Amino acid sequence: MMYFETKFPVRYYETDQMGVVHHSNYIRYFETARNMMMADGGFPIQVCESEAGVMIPIVSVECRFKHPARMGDELTVSAAIDEVPMAKLTIRQQVCNQRGEVCAEGSVTLGFIDSKTFRPVRCPERLARLIENRMNDR
Amino acid sequence: MMYFETKFPVRYYETDQMGVVHHSNYIRYFETARNMMMADGGFPIQVCESEAGVMIPIVSVECRFKHPARMGDELTVSAAIDEVPMAKLTIRQQVCNQRGEVCAEGSVTLGFIDSKTFRPVRCPERLARLIENRMNDR
Amino acid sequence: MMYFETKFPVRYYETDQMGVVHHSNYIRYFETARNMMMADGGFPIQVCESEAGVMIPIVSVECRFKHPARMGDELTVSAAIDEVPMAKLTIRQQVCNQRGEVCAEGSVTLGFIDSKTFRPVRCPERLARLIENRMNDR
Amino acid sequence: MMYFETKFPVRYYETDQMGVVHHSNYIRYFETARNMMMADGGFPIQVCESEAGVMIPIVSVECRFKHPARMGDELTVSAAIDEVPMAKLTIRQQVCNQRGEVCAEGSVTLGFIDSKTFRPVRCPERLARLIENRMNDR
């Protein structure tokens, strides 16, 4: 699989009155980690949008919240791709704290649309090759 | 089923560089609508936390994104409960625009935990009765 | 002066671990109220951007935080314009709770830039007239 | 002066439909950088709240927006303290992009309140000493 992980210290504004990271922020952590994976692979999402003319909107997300994250935690957020995409790209994502506890895990499905016609297109060739070349990350 | 809906005009800060509402905000719309449903039923979530001593953390969420929402749209966000909860509460949620198009739909599962011991508890009696009394909303 | 106010019930995700609305959200309330003022005047910001070709970026903001807002509060957020703008538009803004206590107050200065050249321009004629016609709101 | 800086790559959800970082996020960058400064100094804000029993609410903020930040930018966010605080702590803050352009700059004033009585107190001794010891950072 293609695999990427990065560290996000919890930011104060991400907490809520329960004293933990608000659940919507895991959805944002997921996105940020997968965008960093693409940038790390040399094909940042903004380049994909401007040069390849392909936008990558989210189709669906599911997330299970397992353990609260708190201010002071340093979270490791990962993104993993199991197969080269055709019309859809599915990414498994996880957030762990510094003790290795899983805070949240889920998966995200992305589509590809032409930024002029707004019609669905295939995964851009360059992105497909990038993913293919990283299938042995893990 | 117990049913509630409310209107949220799109706020500028909710848009992203694709020119549409960022997907994470639907998760926030979902939450705000279900909290308003509880307040509308006379048992606001902050009262549940302070008086009943029960916190209602989110266990899981899934959401499918169907149609982009944009600045200028007035969204109708709904929450629907099909049965009186025991240990878990599942709520179906939907976001439609002013033309009746479904922008996003999904469901959320909530748990109940004691705010002192942080252990799972049953749905507070008062909440269970509130839901029961509204089973014929639709 | 041109004057507008609207009501925002506090949303759960806007609270932080201090149990109050996170300060950054007042900046967002300010924006949402002034955008609603423009829409209320018949010239919504997205129309200004798409039809008049003028974007209205923020130049500066200052805000004093006076009293915490909490979940359950219904906030009244206001925007007031004292004079018809030329190159810059200054808006005074305030957030009060349901007991009339001022939670936050401040002011925002906006500029006008051509959406093609990104150069500063005068306040669009239609907006200037709209503001002029509402100078006696209060 | 006590000085700290850190790097924040722009996150996609921070952009808005103008294609730039939404202005409210600079207020959040400011906060995150100053909290990291405290953690870097060995006295994280959550420890101050839990052990010293002192909360550090924001009193006021002012920010001037100079240059748009965009997806792909790596921002350097700084916090600088010019003098050891008594009743109030003032922090100067700046956001620069990777080309050294100033995107935003401003200042924030914080107060100190007892977390039980909610009354204003002096700057906690430990924080005052920490700041004093770092007056020669720059």
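Chains: A, B, C and D, in written order; residue numbering restarts at 1 for each.
We adopt the following convention: a contact is a pair of C-beta atoms (placed from the backbone, for glycine too) under 8 Å apart; a residue touches a chain by one contact, two chains touch by 3 or more.
Note that the structure is a prediction, hence the values are computed from the model and not measured.
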| item | value |
| --- | --- |
| Pair in A-B, A-D or B-D that repeats A-C, with over half of contact pairs matching by residue number | B-D |
| Pair with more cross-chain C-beta pairs in contact, given B-D and C-D | C-D |
| Distance between chain centroids, defined by C-alpha means - chain C, chain D (Å) | 24 |
| Interchain centroid distance [CA atoms averaged], chain B/chain C, Å | 28 |
| Between chain B and chain D, centroid-to-centroid distance (C-alpha), Å | 33 |
| Chain D residues counted as touching two or more neighbouring chains | 12-13, 17, 20, 24, 28, 31, 71 |
| In the complex, chain A residues that touch chain D | 9, 11-13, 28, 31-32, 35-36, 39, 44-47, 70-72 |
| Chain A to chain C touching residues, read off their complex | 12-13, 15-17, 19-20, 22, 24, 71 |
| Residue ranges of chain D touching chain C (in the complex, touch as defined) | 17-18, 20, 23-25, 27-28, 31, 49, 55, 57-65, 68 |
